[in-house]
Amino acid sequence: MWSQIFQISLLNLRNLPQRLGSSSVIVVGIGGVVAVLVAILAMAAGFSATLNRSGAPDRAIVLRGGSSSAELSSTIDNRQRQFVSTLDGVRLSSSELYTVADIPKRATLLPSNVVIRGVEQSAFGIRPEVRIIEGRNFNPGRSELIAGRAASEQFLGIELGATVELRQSEWEVVGIFEAEGSAYESELWTDLAIAQSAFRRFSLISSMRLQLEQPGATDSLQAEFDSNPSIDLAVTTEEEFFRGQSEFLTALITGFGYGVALIMAVGAMFAALNTMYAAVSTRTVEIATLRALGFGSAPVVVSVLAESVALALIGGLLGAAVAWFGFNGYTVSTLNQGSFSQVAFDFAVSPEILVTGIVWALSLGLAGGLFPALQAARMPITRALRGD
Amino acid sequence: MKSIPLIWSNLFRRRVRTFLTLFSIVAAFLLFGLLRSIAGAFEMGVNVAGVDRLMVSPKYSMVDGLPISHLAQIEAVEGVDAATHMTWFGGTYQNPINFFPKFPVQPRFYFDMYSEYIIDPLQLDEFERIRTAAVASAELAEEFGWQIGDRIPIEGDIWLRGDGSNLWEFELVGTYRVGDEDTDFPSFLFNYEYFDEARVPETQGIVSNFMVRVSDPDQAAEVSARIDAQFENSINPTRTATEEEANRQFAAQVGDIGLIMNSILSAVFFTILLLTANTMTQALRERIPELAVLKTLGFTDRRVAFLVLLESVLLCGIGGAIGIALSGIALQALSPELEGFLGQIEMSAATTLSGVGIALLLGVIVGLNPALSARRLQVVEALRK
Amino acid sequence: MSIVELQQVSRHFTKGKQTVEVLDNIDLTIEEGDFLALMGPSGSGKTTLLNLIGGLDQPTAGSIEVAGQELVGLSSRKLAQWRARNIGFIFQFYNLLPILSARRNVELPLLLTRLGGGQRKRNADVALTIVGLADRARHKPGELSGGQQQRVAIARAIVADPRILVCDEPTGDLDRETADEILDLLELLNRKHGKTIIMVTHDPKAASHARHTLYLDKGNLVREAA
């Protein structure tokens, strides 16, 4: 039985080149589905990875109570700031001013929100991943800023040595930094005190970053805040904070990707069915002859299925390759609804996504081959021999 | 057109094949309708665009806010017919998933500015009279099952109350619709006066945007320039644009959605093109003897080619029409889910027409090669087989 | 009066480097109202000659005048239009379109005329009545016997009222009895309706229905006494 299956499948695959034109329908159809699916999933994965990379479990973010998700709408005054920085369990703290400015994107030339973050020097201690790769760090007390690599790539005029006008004040870009591909790379950083005066925030800050003694130990801090009636603050780990920001858009893109791929898949499956029905009908006499010679119907079914699955696999691999070479590492930037600012991220084609794509391809190949295979097996031998 | 029954019968010669091909085309145009409409929602912004209305925003970032004192100065600018303001409230109703825009506005001025919004005059009176009143677009009220008189709690995030609470409560006194369409842009409006008094004192007097109606739409650009010049040297400079432009700029923040949608669509169409072309070629091959017979009967080469071409155009046209109709239906069903963050999504006439156009074009491209082979077909050889 | 006039007609085919002379310097005149049988062994050029007369093929040399029209040098478009008016074709394997009903098949040549839908249908029914198949108008070819299919094909050939019927082995796929019926029908069309008929056949019995018989051998015509 197994050798029968093997021989018939081999026979079948061997004359596949003769049906190259129609076989390419399955390859191209399924390749298209897989390419689109993989590319969109890679986009979602890239966005979520960028934000998730930005957070660490041993870091916490403190915001005004009630603005649990956005640094932009949060304000903290000096009194509360003092209170937080002296708490037990906080190894290091950085007060930060967070605002956005409109700068034209290189791609569209339309103004988009870029984050300007005023930081204390401790910010670099808390975020060791931030490294200056070009130029130097800003000097406190001067209108200088350093730009994340992605911000520099995405926005017009954010270049080393350039002077940019942000909110009626002039800034010199003195350095470009990297932060292991996190969302911070889409930001502009400057000195807190200078930012406060330039943006007329004076003694106010937006948020605080804390280095915790104990990873994830935010509950005790929150309890401390809640027990003090003059303190209205909320604390979350940075990891959770960024995950919260990425969840919505990641889910949206993922859902969108599966939706589009599903509709395409239906189209491709019909095309595959078409091709396989045609393949079976051109092989009618051959199949009937084999059956007349005593081959069972199972090998016939398997041989047809093997053909469509083999073609689907080729299509899936091609589609995945197209998505990989075309999009992996491709950088785009979008409005992060959570922070109301632009985040640049790379499409990330991961092995999991590739596997998902191949699984889709195989399923479509099976679905497209099944009915034609059964039809081939059910064909009455005598009629088929006449080639009716 | 006498040949239509002939083409029709040809299409149904291999029912299974025709239907499978048809469904592939339907799937492609279903995607076309959906993706173009979503991209359209981004490209055009919400459909509040009016040529005679300008939107005044803070120059540097839309999150800055503008002082309400600008209003009187804007009203005094030459060419300004009327002006009012609104403020982005943010906030959450029950669950962050229930996203819809909420704006404190000046009730009478707002509905005067947006004259296409239709509200019962008595409800508008109530909206103005009751401090904590709110009105909602009819669709939104329907979605959450709100009745007139319901109290609607909103948790504030950007704007906190001066009394230390962040819970805002409003009384629904009316609903409105947009024009005579039965769909609308979901939004929730409440009284600015109450909002301003209740918010944290340091934040009072700040609004997000001013909307300006110009006396002469042809002068819109000049009026914009005059408004911006007025505030150029203040600490709150402005940027004025038509609503359409402002919406487009906001949409561009999301990224080049159009590009992404178009890339996907090209992948889809490239795929479908190949699939359909293959089917048509296959169908033609089977029919070569018959086409030869038609030629012996006196059908000219051109006419036979035309028959083949028309068959493909018909198949693609029908598939395209069904696909686009389906996407219209799907959008109706999906609309309430997507409206919150994409604004109103609908199939525009342009999408529908371009879809049908592309379908017919696809038919021509796909049918062209088979049609040319049919045209070249030599009767004598074809009959000899 | 002659309706077909071939002068020094040759037809060569090239297969690779080889040239095959299928017809060699043929002169042939057929009178209007004739019923001519063309006989000869396989490969003798019968079908080629028929195709030339029917305006499906062009000679390598010579002139062909059919129904008052010189065919040599006509564009394929002009030829097609000429065929539609002057020639009815009948094939060995009927060549009906399987997807169309008998009436629709018969109606096909009328699609090339200016006739309206109602008139086309009436004409098709008249043609079907002449071949004795009025009651099968709605049947598809697959639902008809071989003889009936050939009758439909004959109805299709005469529906546009051409002067000449060109038949290539019209009875080659039929049994004796059915073949005789078809030949009787052709004779009827010749005698009663005045159609000029040129018929290629292998079958001497079929040829006996014709008024004249011509033999083709290796590309040359041999006239047989009537």
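Order as written gives the chain letters A, B and C; numbering starts at 1 within each chain.
We adopt the following convention: a contact is a pair of C-beta atoms (placed from the backbone, for glycine too) under 8 Å apart; a residue touches a chain by one contact, two chains touch by 3 or more.
Given the structure is predicted, the values throughout are model-derived calculations rather than measurements.
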Please indicate which chain is farthest from subunit B, where distance is taken between mean Cα coordinates of the chains. C
Dominant interface by pair count is A-B
By C-alpha centroids, what is the most central chain here? B
Using Cα averages as centroids, what's the distance between subunit A and subunit B in whole Å? 25
Could you please state the distance in Å, as a whole number, between where the Cα atoms of subunit A are centred and where those of subunit C are centred? 70
Distance from the mean Cα position of subunit C to that of subunit B, given in whole angstrom: 63
Among all residues of subunit B, those touching at least two other chains are none
Going by the contact rule at the top, pick out the subunit B residues touching subunit C in the complex. 2-3, 5-6, 9-10, 12-13, 289-290, 293-303, 379-380, 383-384
Within their complex, subunit B touches subunit A through residues 16-17, 20-21, 23-28, 30-31, 34-35, 60-63, 90, 96, 155-158, 160, 164, 166, 235, 237, 248-249, 252-256, 264, 267-268, 270-272, 274-275, 278-279, 281-282, 341
In the complex with subunit B, residue positions of subunit A that touch it: 21-22, 24-25, 28-29, 31-33, 35-36, 40, 64-70, 72-73, 99-102, 105, 107-108, 110-113, 166-168, 200, 232, 248, 260, 263-264, 266-268, 270-271, 273-275, 277-278, 332-335, 337, 340, 342
Note: in the complex, subunit C contacts subunit B through residues 47, 51, 54, 56-57, 76-77, 80-85, 87, 89, 91, 95, 97-100, 104, 108-109, 111-112, 117, 156, 160
